[in-house]
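Both of the next two complexes hold subunit A, though its partner changes from subunit B to subunit C.
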Partner chain A sequence: MLTFAARRLGILLITLVLVTVIGFLLIHITPGDPAVAAAGPDADQATIAATRTELGLDRPLIVQFWEYMTGLVRLDFGTSFDGGRPVLDAITDRLPATLSLVVASLLVALLISIPLGVGTAVHRGTIWDRIGVLLASLGVALPDFFVGLVLVLVLALQLGMFDATGYVPLFDDPIQWAYLLVLPALTLGTTVAAELTRHIRASVSDVLELDYVRTARAKGLGSTRVILKHASRNAAMPVVTVFGNQIARLLGGTVIVEQIFSIPGIGQLLVQSVFTRDIPMVLGIGIFIAMIVLLVNVLIDLSYGWLNPKVRA
Partner chain B sequence: MIVTASQGRGKGPRPKMTRGGGIDRFRRQPLAVAALVFVVVITIVCILAPLLTPYPFDRGVLADTLQGPSARHPLGTDDVGRDVLSRLLYGGRTTLLAAVQATGFSVVLGVPAGLVAAFAGGWVDACLSRVADAIMTFPALLLAVVIIGITGPGLTNAMIAIGVVYGPRLFRVARAAGLAVLNETYIAAAKTVGCSPLRILMRHLLPNALSPLLVQVSLTMATAVLAEGSLSFLGLGVQPPQSSWGAVLGRSVPQMSQHPVPVIAAGVLISLLVLSFNLLGDGIRDSIGRERKS
Partner chain C sequence: MSIDLPGQHVLDISHLTVEFRTGSGWSPAVRDLSLTIGRNEVFGLVGESGSGKSVSAMSILGLLPRRSTRISGGHVRLGKTDLLGATSKQLDQVRGSRVGMIFQEPMTSLNPAYTIGEQIAESVRRHRGATRRDAWDRAVSLLSRVGIPTAARNAERYPHHFSGGMRQRAMIAMALACEPELLIADEPTTALDVTVQALILDLIAELQAESDMSVLLITHDLAVVSEVADRVGVMYAGELVELAPTADVFNAPQHPYTSGLLSSILALDSTREFAGIPGSVPSVDREFPGCRFADRCDFATDACTEGPVALRRSAGRTHRCLRADELVLEGAR
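What follows is the complex of A and B.
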């Protein structure tokens, strides 16, 4: 188990370095001079040159890269072009809002997809199965922003059940926090739920056809017990795999959803930084998210070992 | 299906299973056919946009801002008095073209690399696969936004970003398809008679990898339409006065409570196009018959 975990961590590090290299190279290969962006829109040549020296952008690329990488090891993501604030500070300020949104959406996604996925798998071929599959296909095709806007339009503006936008920190007012998160979480959760439902349905119906499930049924176990005790653990394996992708998708979706509902999270910060051409902030957020996604993937890999002892070898 | 003269006379060899077999199977799937029809119709309508609408997409009449649907403007007008239907017709061109660009870019990026990885194996394969994995772990939309943040807003940048993000998917499909046929006898035969690696790649590997690639291309078109919508909605894709479905939608959001029609129209169009490309991809996969639908 220990070597398994160590190998996973090794792969994680390689991937992280690769992500950083790709991001770093993109800045310097693509047109658009970072120094011009840093100096601001009205800067003259002298200011740009001064900024270039000040930020160390005139040094060889490899030196800059080394500095950035050693900074990352010390969790130093550099400083923002906009006011010289440490990038990591800005990110951690925004983290609670994004985390709230992601956790709430995940909850919505699981609450929808598990009953729907297992239900359609158990009643495969019936009309309920067809309806479930159709709903899932529709859910996959619907863009996040459209779902969000329709929810706002119908539930907030027409029916007045919710406030259209806004966010309150959890510890300021937990009830208001939950209330304001309902619409954003529904928006982000339904699209992820659609994808998860398809995978859960496929996985559960595959496992239900296996011999050992038939044996369990033959010895007289009830349907619920067979599914919960025997089928669920094996059916979880492939689903857990796509779970990692879905977490990545959720994190990506926050960019859109935070914009629609004015949630002051990392996604909103990223979009703002793109408009102000704050390159260190953009790159920092990118690498930060990559770290989170990779960490989630390692946890998922480790959970394979728990779900299926064969993997540990 | 090729119908030869000998078949008509009832003699000669029985008709063999040709490519027509796949097309027949495709035709028996009503959803996939409907999706194909929708994609074709939308494409034709958008190409013919200048002939179909009397209004320009980029100039409005300031006296006519924010009108509701009427006989003159079936979907109303936007905040600077432009006809929304015309904006959608012209915008569809941008959306489709952008999706084709992004998908084309990821094909160019992913497919040769995938085939080379399958063919070369060893450390070449390991390196390319690692890079693909690294890109794949990243949330697609977020990576696109980061790339645009570095390169600056604009549709071409946006689509290159999307192309980079989806390249690994085509890489994986091409690599898997390449590996699947690599051990076939005809590859060994080609090697034995002295075909160059390039010739084997182009003449033997590529045609056999084509069907799964076609499925992936259709699915990538769907995600590219979605991505164009999202990026233009955020204001990072198409720049004004250019129109696209995402741009029309994003622009109409502030006036949504009084004028919901443009938002709904653009949203429905994007959703239907995405759904069509997804169904089309599923339909092609089912007609190839080699892979089971999951």
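What follows is the complex of A and C.
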């Protein structure tokens, strides 16, 4: 199990380096001069040149890259072109909002997909199964922003049940925090729920046909226990993989959803930074999100070991 | 050997009909099956694949898929408990507790995600309300009883560490965890190596002999039945065609199908030619006007195809052949 974990962490580090290299190169080959943007709209040539030297953009790319990499090792993501603020500070400032959104969305996704997926699998072929499958297909087909706009229009503007936009930090006012997160979490969560439902249904109904489920039933364990203990753990394997992919998708989705609901999260910061050509900020956010996705995937790989003892060997 | 007395039966199946959903509606896979198993008796249910023997066994514990199968007639009683009319809660109290079951595929019948010990212990906890520790201790002693070496250590291992024979031993330990009245063994040796088959069979016979337990042994292998069964029921195309003490079936079969099965056993020391039965078992949805075996039978007459043949008793024997009294059929040996 320990070598298994070590191997996975090694792969994580290599991937992270590759992500940084690709991100660094991508940003530097995109057209547009960051020095022009950083110097401001009314800057003359001399100011732009001075800004370029100040930001270190006049040095060879390889030197810039080396400096950036050595900084990363010390968890230094560089400083923003826009005001000279450390990138990591800006990210961690915004992190709670994004984290709240992601966790709430995942909660929505799991609360919908597990009962719906298991229920349709157990009652496969019945009218409930068909309705569930229809809902799931609908959820997969509809894009995040569309669901979000409809929710805002109907629940917030028409019925007035929720405020259309806004965010309050958890520790300022927990109730208002939860209340304001409902719509964005539903927006992001439903599409993930739809995808997960389909996989849970397929996986559980496959496992329910297996011999060891019959053995469990023959032991008189009762259908709840048969499903929760004997079927779910094995059915979880493929679902967990999908779950990992969905987290990456969810983090991508925050960019749009934070815009729609004016949530001051990392996604919003990213959009702003792209517009101001703030290279260290864009790159830093990219690497930070990549780190989270990779870390989640390592956790998921480790969970295979728990779910399936064969993997540990 | 059991005596056929009412009330002495552990299992009483009467007029059981099980139907499968097919393209054209419902087709009987088991037709009007009646048999009893006495206390401490080993009953062998024999037949080719598709004869309905496994379906019969599954229907006893209600393990058939509910949407594609239905029980359209008859009753099954375990002692005084009506199993077909039981709710799923009542059935769960019987499964694993009063009736243990082992299956054909030891490789896939154990859950890969849990240790062998846990899979045995959970049954003990469920039915006996034992504590975790007590249930685990029982699992270890059961494993040791069924011949798993260093049982305490092996109980903590997972199914993929076990060979096929060891897994089937573990399955037996699991089935016997709550000292059932009846053990249903559905082709318990079919998937195993020949050398392991005999060991598993010996183990079942041994465990049966040292308790009050009855065994319903389902197999296509007549050699298996001849070794351990007290009585034998032969099934063909969903019907019981012969029912008798093992020695009678082997020495003087009353039904041509039984005789055909016996002649298809390869005996190395025998000079008799390997015969077999021409044709194959008809599909469940095929209906026949008379005897279901008639079109493969060497002895069939016009009378055989005129009307359904009921299970009959003649000269102390139970069979489903119109010509049993006039025919002298070849047995084994």
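Here is the rule we use: the second predicted complex is superposed on the first by the 311 of 313 C-alpha atoms of A that agree within 3 Å, B and C clash if a C-alpha of one lies under 4 Å from a C-alpha of the other, contacts with A are read in each partner's own complex, and residues count from 1 in each chain.
Assume a contact is a pair of C-beta atoms (placed from the backbone, for glycine too) under 8 Å apart; a residue touches a chain by one contact, two chains touch by 3 or more.
This one's a predicted model, so the numbers in the text were calculated from it and none came from an experiment.
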Which of subunit B and subunit C A:I14 touches, first, second, both or neither: first
Touched partner set for A:I256, first subunit B, second subunit C, both or neither: first
Touched partner set for A:I279, first subunit B, second subunit C, both or neither: first
Touched partner set for A:N308, first subunit B, second subunit C, both or neither: second
Winner by number of subunit A residues touched, once subunit B and subunit C are compared: B
Which superposed partner A:W66 touches (first subunit B, second subunit C, both, neither): neither
For the subunit A and subunit B complex, residues of the former touching the latter: 14-15, 18-19, 22-23, 26-27, 30-32, 137-138, 140-146, 149-150, 152-153, 157, 198, 202, 248-249, 251-253, 255-256, 259-260, 267, 270-271, 273-275, 277-279, 282-283, 285-286, 289-290, 293-294, 297
Subunit A contact footprint on subunit B (complex, rising order): 130-131, 133-135, 137-143, 145-153, 222, 226, 229-230, 233-236, 249, 253, 256-257, 260, 263-264, 267, 270-272, 274-275, 278-279, 294
Complex contacts: residues of subunit A adjacent to subunit C: 125, 210-212, 214-223, 225, 229-230, 233-234, 307-310, 313
Partner subunit A, residues of subunit C touching it in the complex: 61, 63, 67, 88-89, 91-97, 100-101, 103, 105, 108-114, 122-123, 126-127, 158, 160, 171, 174
